[in-house]
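Each chain gets a letter, A, B and C, in the order it is written, and its residues are counted from 1.
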Amino acid sequence: MADTGRSAVTRIPGFTAAALLTFVLLYVPIATLVVYSFNAAPSMSRWDGFSLQWYEAALQNRQVREVALRSLWLALAAGTMATLVATLAALATVRGGRFRGRTMIHALINQPLMVPEIVTGVALMVVFSVVRVRTGYDGMAYLVLAHTAFCIPFAYLPVRARLETLDPTLAHAAADLYASRVRAFLHVTLPLLWPGVLAGFMLAFVISLDAVVITEFVKSAGQDTLPTWMLGQLRRVVTPEMNAVATLLLGVSMLAVTAFFLLSRRRG
Amino acid sequence: MTAAQRRWLLLAPAVAILACVAAGPLLVMLVYSFLEPGEFGGVRPAFSLDAWFSVLFARDMFDPEIVEPNIAHLAILWRSVSLALQTTLVCIVLGFPTAWFIATRPRGTRELWLFLVTIPFWTNLLVRTFAIQEVIRNRGLVNTLLMQAGVIDEPIQMLYTDFAVLVGMAYVFLPLMVLPLYAAMERVDRRLLEAARDLYASRWRMFREVVLPLSRPGLVAGSVLVFIPAIGAWVTPRLLGGGRNLMLGNLIELQFGQGRNWPLGAALSMTLLALVLVALLVYLRAVDPDTRRRDHG
Amino acid sequence: MTTDTPATVRVAGLTRVFGDGGHAVRALDNVDLQVKGGEFFTLLGPSGCGKSTLLRLLAGLERPTAGTVHIDGRDVTALGPDRRPVNTVFQQYALFPHLSVADNIGFGLRMLGWSRSDRAARVYEMLALIQLEGLAARRPDALSGGQQQRVALARALAPAPRVLLLDEPLSALDVKLRREMQDELKRLQRETHVTCVFVTHDQDEALALSDRVAVMREGRICQVDTPAGLYEAPADAAVASFVGDASFLEVELLDTADGQATVRLPGGSVVRAVLAAGGTARGGDRVTAMVRPERVQVGAPGDGALEATVEEARYEGGTTRLRLCLDDGTTLFARAGAAPAWQPGARVGVTLPDGALRVLPA
C-alpha cells in the first residue's frame, strides 16, 4: 500500500475501527431479521434450512393483508395530499422574498417535527373524540388528516430545497416570452421542480407508512394499520411470521428510500 | 390578484390543515391542563390547578394538608431525562467516529456510506424495534451465541429492562446524530488538520483542538435531534422496557387510558413539550454564534 | 549568508509514488537537494511537477516511498510533522476559523507547552513583526486576504522553526498585493534569518525572492542555481523556456573551444555563442541555441545579419515586446525601447551580438 501517506498524518486513531463497528451494529439486527425470516425452524436457536413458509403464512393471513392494504392506501392518500399542500406552501415561501408572518409559517409547518409524537397523538385523540361525538362520523378521514399534517414538513423540505436551487430568472424569461403565469409554471417551473416533488412524496409516503404513535391514538376499532397491528403483536409471543412481515416492510421502505436518494441526487 | 394575496392563497391549505390538526389540538391540551377531570375520562369545565400540582407533588392520603413530592412521577421524569441523555451520549460515542469516517472518504464513496446510514433510519420504527428484540431476547441472537460458545449457561435477561430501552433508542436515533455531524465535518478543511499537526499537535490534540470544535455545530444539532424524540419516546419503552420501566410518554398515555385523568395527561404533555423547548433553546443558543461565523467564512 | 554554513535541509534519493500497481504515479523521483542555513530556496515548476509533494515530505505531512530527509544533520525521515522543527505556510493559509488571530499565532506554542505568559509575549512580538497589533482578537474570517497571509506567516514563525516551508502562499492574492507581500516576505526573512523553502509556479516570484531556485519537472530537479544563473545560463531548453522569455534557433555548430562556440545562423552569417556545459555536440552538428529577448537587436531592414517580419508588437510600458518571424519561419522574441514605430507586418533587420546566443545540450 503506497497510498497511506496522505491520510496517515491526519488519521484519528481508532475512528475507522469504531465507524466500521457502528455499521456492523446498525446492520446486524436487520440482517438477523431477514435471515431468520427464511429459517425453516420456528426458533433462532437452530437453522433448519431455507424456507418461504413464513412468507406464505403471512401472505395468507387475512388480517395481515387487510392492515397492509390499509397502510398502503393511507400512505398514498396522506402522502399525495401532504405533497400537494407542501408544494403550494413552498412556492409561496421561497418565491417572492421575505414577508410578514414567514417565521410563524415556518414554525407552523415544522411543528410536527418538534412536538413529540405522543403529545400530538393524545391531543388529536382528545380533539377527534369531541368531533366524533358531535358528528357521529367515525371513518378513515381522521387518520388521513392526521397523517397529512404529520407528513407536510417532510414533503416540504425536498420541494423547498429544490425550489431554492432553481433559477427564478427562468420563470421570468418564460414570462418575457409571453407565457402566461400559469403556462410559465406548468412548462418551466413544474418540470424542473418535479424531482423535488417526487422526492417529497417518497419521504411523506415512508413517514406515513412508518407512523405508529399518532395512528395508535387516532384510529378507532377496526382501523389498524400495519404498524399498529405489529405494535399489538410485538407485546405477545412472536412467531417467525412476524419476521416475514417485517422483512417485506423493510423491502418497501428500502425501495422508497432508494428512489428518494436517486431523485434528490438528480440535478436540474 | 396581488402578490401577497396569491401567496396566502398558496399557503391556505397548509395553514388550514396544520392549524386544525397540529397547532389547534395543542392549544386544546393547554386549556385542558387547567380543568378538572371528568368522572369517566374527559374534563369538567371548571378551572383547576390540580393537574399541574400533581405533576410534581402529591397530597397525603389521610391528611390533604400534607404536601409531598410525587415520588412516582419524579422517578419517571428522571428516568426519561436520564435515558434520553444516555441515548444521546451513546449516539455521540458511536456517531462521531462514524460521521468522521464518512466525511473523510473520497468524494465519490461518501454518498454511498451516507446512504448506508440512512437506510435503517427510513426503515419502519417497529421493524427496527422488533429487530432489536430479536437480538436481545432470551432466546435471541446474543444469548444464543453466548450460550453456544459456552460463555453463559443461562440467558441474560436484557429485554424488558432500562438497558434494552437504551439500546433500542440509540439504535433507532443514531442516524439523527450522524447526519448533522457529517454535514458539519464535511466543511472542515483537511489542511486545517495538517496545519495543526505541523504546529506540533499530536493526533489526539489535533482531534481535541481542531476536529472537535469545528464539529461542534453538528454535535449540538445531532444531540438535540436525538434528545427530543428520545425524551418523548413511547414505542421503544413500551416494547423493550418492562411494565415498570415507564417513560414520560407512557405515563401520559396512562392518564388518557386507565388513569382517566385527562387534565393530568395534558399537564404532563405540556411538561414534555417544555423539556423539548428547553432542548431547542439550548440548541439555538449554542449554534447561533457558529452559524454567524460560518456565513462569513 | 555564508556559503560554508552546513546545509539545514538535506534530501537524498527522495521518491514518492502515489497509487500502486498499474496506476502508480511517481510524483517525486529520486531527488537530491541541499538547502543552506538562512537561504531563501525556491522550488519552481508547473503544477504536477512534484514541488508540493517535496514540500509536504519536508514538512512530514507525507511519508516518502524511498530516500531520506535530514534537517540540521538529523534524520527526520521517520518523524511525524509534530516532531520536526519546521513549520508550513499553507496555500489558502489554513487559519483555524474557530480561533482568534492571537490564538492562531500561539497555537504551535501551546502545543509545545509554553506557559501562558511566555506565549502572550511571543504572540505580541509576532503581531508587531507583521504589523497587525490591533487585530489580535479578530477571527480570521474578519481579515482581508493580505492580513490572513501575514497571520499565517506569523503562526508559522512563532515557534521559531529551523526551516519555514511556504506552499504557494501568495497565489490567492491579487497582483498588487502579491508584490507587497513579496517585499514583506523578504523583510521577514531578513529579520528572522530563518531558512525558507518556497514553492511556486510563478517564475517572476521565484526570481524576485530567491537566493537559489530549483527548477522541477515531472518529479525531478532540472537545475539548481541562483536566479541570475538560471536566467543567463539555463541548463536546457525546458529550464530556458520556463524561466523568463526565450527564443530558440536551429544553428550549425562550426567550432568549440573553452566554453565558446562559433555558430552559423540560418541566414549564413557567423557569430560567437556561449556553450552550455554538458553538451556533446561537435563541429558540423545542427544544434539548438537560445537567446533572451533583450539581447536581440532590432533595426531597419538590411541592418543586421537576419531579416524578419514583425508579427506582433505589445507595448508593456517602458518597453515593447516584439514577436518576430525570421524568414526561415523561426519565431524570435525581442524587446525594443519605449515606443518604436514598428507595426505588425513591418520588415526589420535583426542582429544577434557575440555571446547573445547560448548553445544548449541536445
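Rule of thumb we're sticking to: a residue touches a chain if its C-beta (ideal position, glycine included) is under 8 Å from a C-beta of that chain, and two chains touch if they have at least 3 such contacts.
The model shown is predicted, which means the values in this text are computed figures rather than measured ones.
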## Note on the structure
More contacting C-beta pairs: A-C or B-C? The answer is B-C
### Task
Return the chain whose centre of C-alpha atoms lies at maximal distance from the corresponding centre of chain B.
C
### Task
Go ahead and note the Å separation of the Cα centroids belonging to chain A and chain B.
18
### Message
For chain B versus chain C, what separation do you get between their C-alpha means, in angstrom?
### Response
58
### Message
Quick check on chain B: which residues sit in contact with 2+ other chains?
### Response
194, 197
#### Entry: chain A residues counted as touching two or more neighbouring chains
9
### Query
Hey, what residues on chain C touch two or more of the other chains?
60-61, 80-81
### Query
Which positions of chain A touch chain B when the two form their complex?
7, 9-16, 18-23, 25-30, 32-33, 36, 43-45, 84-86, 88-89, 91-93, 96, 99, 105, 108-109, 111-112, 114-127, 145-146, 148-150, 152, 206, 209-210, 212-213, 227, 230-231, 234-235, 238, 242-243, 246, 249-250, 253-254, 256-257, 260-261, 265
## Note on the structure
The answer for chain A against chain C in the complex is residues 1-6, 8-9
### List of chain C residues in touch with chain A within their complex
16-20, 24, 60-65, 80-81
### Task
Spell out the residues on chain C that touch chain B in their complex, using ranges where they run on.
59-61, 80-82, 86-88, 90-92, 94-98, 107-108, 111-112, 139, 141-142, 155-156, 159
### chain C contact footprint on chain B (complex, rising order)
189, 191-192, 194-202, 205, 209-210, 213-214, 293, 296-297
